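Note that chain A is present in both complexes that follow, paired respectively with chain B and with chain C.
Let's look at the complex of A and B:
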């Protein structure tokens, strides 16, 4: 393995590593536009040029392989000068419309200009005009050709990652333009990623356009709840701006690097699946037509449960949308303490579309966790539904499952009649709510601390971006309140306590901790 | 003086096989294929000091020697007949007047590097060159100079013509390969060099038309003969293309090392209308421009390099004292701005910026600060790009501004005075 020195720091890396990769390992960030770790090298932007001893010309760090004894300088006067020079060329025909550009604040032209440019303009000539400004490329992405620096990241993404081949660079010289091939539309389930990798404001997201300046965004690490892949994401939200859109908190989701799961990417199905966080929420406990307080709601459930003599007359329909912690609380309260056997989470859901990349047909983020923790008997929720219909259940407790969608109105109307207490605990209003006797508002994933277990059995952390909306509470916290009255009371104060109990009670989770799961997850023991 | 590559020019039906065969046609190829090993041929080429006449002047024998012998992939010869360098029209003459000379060179080269397929990439506008070469190829196939077991040996060879589509950058060898593969003509990152990983990711030699036309005569007459024709480290003659303000523009085959003065005044008939020479481009538009005091330079790769210019493609463009050098610079800059492939940011944005800046000066809208900024805008392109195009912009346009700075200054001053008095 060649050993080299970058800015005085020594490092040994495998042969074939490029200078920019070795520098990244050392924590030395060489500026880049066209280079992206996940894409083939193009070498066109020239901002990453560095000085290599014994080489007469500056070399592009993204393409030059390391060699034994190589001495690289990334901050020498020559290097600093060339960054200035390259920026100068890149900005010559750039419209400098930062005040109206969504990318402002996370734009590499701005960032590098502040770091390395800071020259007075030498431009006395007219800029090249390009035809397409604010042109829709498809359902999700807008193009501005004048802002484009032709780094071809999007071209290489659609050629090599999504393999959908929509983009090309047309014409030559400073009249080159990024565009779609004739007759094409950018409409694949990974379109949104080209906005992420665009280092400038050439490709912007229709969903995010003009909604919020990026410097107002807070960012919380999370996991996409949209399918069983569990792509690592960042929930980007804003609570502080008075003029924000419809008082929505979440402005956008962005993929977060996890080489074992989603790498740098996420699908559009997941990316735009966040409006439910702020819209159409259940915000207060409701008994039939009356809004009630939490203590009243808890008493209502407790009384109903206590009135049942035979635990077989209680049914629980959990959900693979719940976290491992929530599911463990379900198990603890109903299965372990109340000895309820009618507990399941498996519903006859129509599988969604899937592809051979990230999107899975199972649209639940925690099926693997639910199976491990609830270890349900043979059969499905169908059996519980049948019992409820026949009047064999006094209490039916449903977590987040839209029974109307799954089993039809008639069935659910029948259940309302035949059960004494039909509890719906969920985050969003759906058709089932109006049939439930009691609705309990629960938190969405972005309001929860906890873990999901993806299809690879990888346990991954989600963190609360903000407090639950209205009076909503986390699912396990609600069950904890019930446990205080039903007894024995849960000894948990925070999600981490619940998770510790999971690791002690459920063998595949043994010895895991939130610290060990960290950013990248841990795989269940088999 | 003995003519080599132009020896058949002007003869009746010079492009026909019949005519070519009269003068030891295909005897060089026969000699190579029947009595010489590839190693011996490469050695012969090295001793001939034949250098790449497309413009880079790389030693041809050495280039062939780079083809790896243990690589099981097919090898290719690609002939660069894109000839887009303004001021250059020599390959066109060979293709039209003596296409069999090229084909014979192709046969010997392919035999040497172990290639069974050669692609000839010809500039799209050269329709006559294409039809002439195609007829020659047809004749050669008919007479067993191409195809299976050529000339009774066990060697097979196919030659295919590919017509370019009008981009100057496709004369850059790796852009040419991309174009030949059906892609946009973008120069490739190097290494790997084509000898290792070229056309279709296979070992590839890329030679210029004129270079290959020298090969058969070298094999036939020996390397020493060829070396002695030339000067210093460059064997043979060169086809110089003289254009511009001379009395007799045209293609002249002359020994390397002939002075520029001799070419212009003795062979090309001197400056038109008895005027005086103001500037001359010695090797195609990419070569830095020369002034009258530099006319005694010997026209070979090394001498011109020592003078800070280059022999390039052999395209000599002569400008007399009526030439407005700001205009000349603008025309050159317009060419570069139009032909930059647009891959690397400095060249893509810089070549257009340089053109618009000089155009503005030419049109009387120059400002006093222009000459402070312009050299930087020009110089920072070179050395910062994937291919040599960026260097060409810097070297060539830079030479107009540095050598004729006073013309730029005067233009700015006088026009600025007119509008801003």
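Let's look at the complex of A and C:
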């Protein structure tokens, strides 16, 4: 284990570590363009030069292995001077596109220029113009060759991570340019990641293009609800423009580092799966064709439930899209308090496409949590549907499951006729809504505080980015309102209280808290 | 009317050296003056003395201006200025060239807006009266253009930051138009076409 000193701080790291990794461990940031922790080292951008004592020349921090007794300086005048020169060269052919560039505001070229720029240009010649500007590489990514600084991060990503080999650098000298191999198209399920790793504005996201400037965005830590992998994400939403409230709130999703789950990446399926947050939402409780207030809606459900004498005449179809807290509220209200046995969340869904990297066939984020909390008997859902069709159920309570898609129109129309109260509690409008007697608006994941349990049984936290749209409420909050009338009332005031009850009642969750779950999650006990 | 005691009282609450402190001190003084206004005497409350002093003041100005204008006509007393009247709105008072007046969007040679929708003005605007919706320009060398550019003059404070910050000289406040009164708030909201052509 060699010991070295960086900027006067000592650190001991395993042999073979590079200087930049050691500096990152110490919290010393060395500028970088081509270096990325998850990609092989290329060493072409030269911005990470550091001074190592007793070495005649400056060394690149990303490719110099540490040695015993090494003394590294990252901010000496010599280093700063070289950074200025390197930046000067990188900017020789870089266009002054910042006003129209989507990367402006989170561009490393801008950031380092503010710190180390020369400001007075030493360039006399005209910039070399590249052939193509604003060209479409595929369904998700746009390329601007002029802005590219040829760090080859995207080339290494498609070679080593997605293994699809689309990108290459062609020609030489100042004619060299990034492009796709002839006849190829950047169309794989991980193509959005090249936008994240591009340190400049060469690769931009078509979905986000010109939609919003990045300095308007607020970032909330969350977990992707797209599949059971539960990739860690940040929900980036338009916060600082209150005069724009009528527009969509969520602007984009970005992956968040979690080495145990998704590392730096996320799939395109999840990345562009956010439009449902602002579009096509149920915004107010609706009884048949009339919009009603929340107290009226709660009374309607409570009267229907109280009129049922036999708890076996109530059916509940929950969903693995709900958080652990919501599912626990379902269990507590229906299973424990009302003694309903017809509670299940598993529906015969068509499994989605999956791959061997991040995307899983199970498109629900909380299947593991739902199994642990509700622990249903096999075949319950089918039994509930059969009973509802035969008229053996008076109340059917459905959480966000599109029954029309799963069982067909005839079955759901039959259920509407044979049940006295068919409640649909969900966030978005779908075909089932029109068949339900009562629609209750619930919050989507970006408006909820709670936890999801992914396929590795890792419990991960989602945080609310903003208030629910319209009159929507969180699922457990709606059930809490119901419990006040049905009794006994839930003693919970916030999600944390519900989660505390989960940890006490469900053994695998024992001794977990939101603080312990933090950003990286905790694995369920087995 | 500021006594040392009063001064001490003011400074106890407001530090005149703090941000906007001097404004708060001035506000306090004004409210104190309003509260401690002198009662009118009986003679004053008939308004006869003020009526006559008013008539005296107005007619003094009238005859002074009349006399001076007559003298100017015959070429005398040219160095003494007399009041001038503009027949507004037919005749407009000249404005300084640098006066900040209603905005306009400048155009390229082909008549499209110079604006590239970088949203610098929207970002810097302290009144948040600008709202730009960007879109893809057919020419890849321009790339971005404003599909909609909405400026709410009902909110605008005429600070001129938008003009100062614009990297493309696309917005200017040089129309020399200040008569922007309207009958509704909605008609104070200018869109792209109105800003380019009006």
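Throughout what follows, the second predicted complex is superposed on the first by the 517 of 526 C-alpha atoms of A that agree within 3 Å, B and C clash if a C-alpha of one lies under 4 Å from a C-alpha of the other, contacts with A are read in each partner's own complex, and residues count from 1 in each chain.
By our rule, a contact is a pair of C-beta atoms (placed from the backbone, for glycine too) under 8 Å apart; a residue touches a chain by one contact, two chains touch by 3 or more.
It should be emphasised that the depicted structure is a prediction, and the values quoted were computed from it without experimental measurement.
Student: Report for A:213: first if it touches chain B alone, second if chain C alone, otherwise both or neither.
Tutor: Once the two structures are laid over each other on A, A:213 reaches chain C alone.
Student: Can you tell me whether chain B or chain C touches more residues on chain A?
Tutor: B
Student: In the superposed arrangement, which partner chain does A:133 touch: chain B (first), chain C (second), both, or neither?
Tutor: A:133 sits against chain C, while chain B stays out of touch.
Student: Quick check for you: in the superposed arrangement, does A:90 touch first (chain B), second (chain C), both or neither?
Tutor: It touches chain B, and chain C stays clear.
Student: Quick check on the superposed pair: does A:163 touch chain B, chain C, both, or neither? Answer first, second, both or neither.
Tutor: After superposing on A, A:163 lies clear of both chain B and chain C.
Student: After lining up the shared chain so the two structures overlap, which partner does A:176 touch, if you call chain B first and chain C second: first, second, both or neither?
Tutor: first
Student: Looking at the overlay, what does A:44 touch: chain B (first), chain C (second), both, or neither?
Tutor: The first partner, chain B, only.
Student: Which of the two partners, first being chain B and second being chain C, lies in contact with A:100: first, second, both, or neither?
Tutor: In the superposition, A:100 touches chain C alone.
Student: If I apply the document's touch criterion, which positions on chain A are contacted by chain B in one structure and by chain C in the other?
Tutor: In the superposed arrangement, which is not itself an observed complex, chain A uses no residue for both chain B and chain C.
Student: Under the touch definition given earlier, write down the residues of chain A that touch chain C in their complex.
Tutor: Result: residues 97-100, 104, 132-135, 209-211, 213, 215-216, 241-244 of chain A touch chain C.
Student: List the residues on chain C that touch chain A in their complex, please.
Tutor: Residues 116-120, 122-123, 128, 131, 134-136, 140-144, 167-168.
Student: Quick one: in the complex, what on chain A touches chain B?
Tutor: Within the complex, chain A touches chain B at residues 33, 41, 43-47, 49, 57-58, 63, 82, 85-86, 88-90, 92-93, 122-126, 128, 149-150, 169, 171-176.
Student: In the complex formed with chain A, which residues of chain B make contact?
Tutor: Counting only chain B, the residues touching chain A are 167, 169, 184, 189, 337-346, 348-353, 356-357, 360, 367, 369-370, 373, 376-377, 380-381, 383-386.
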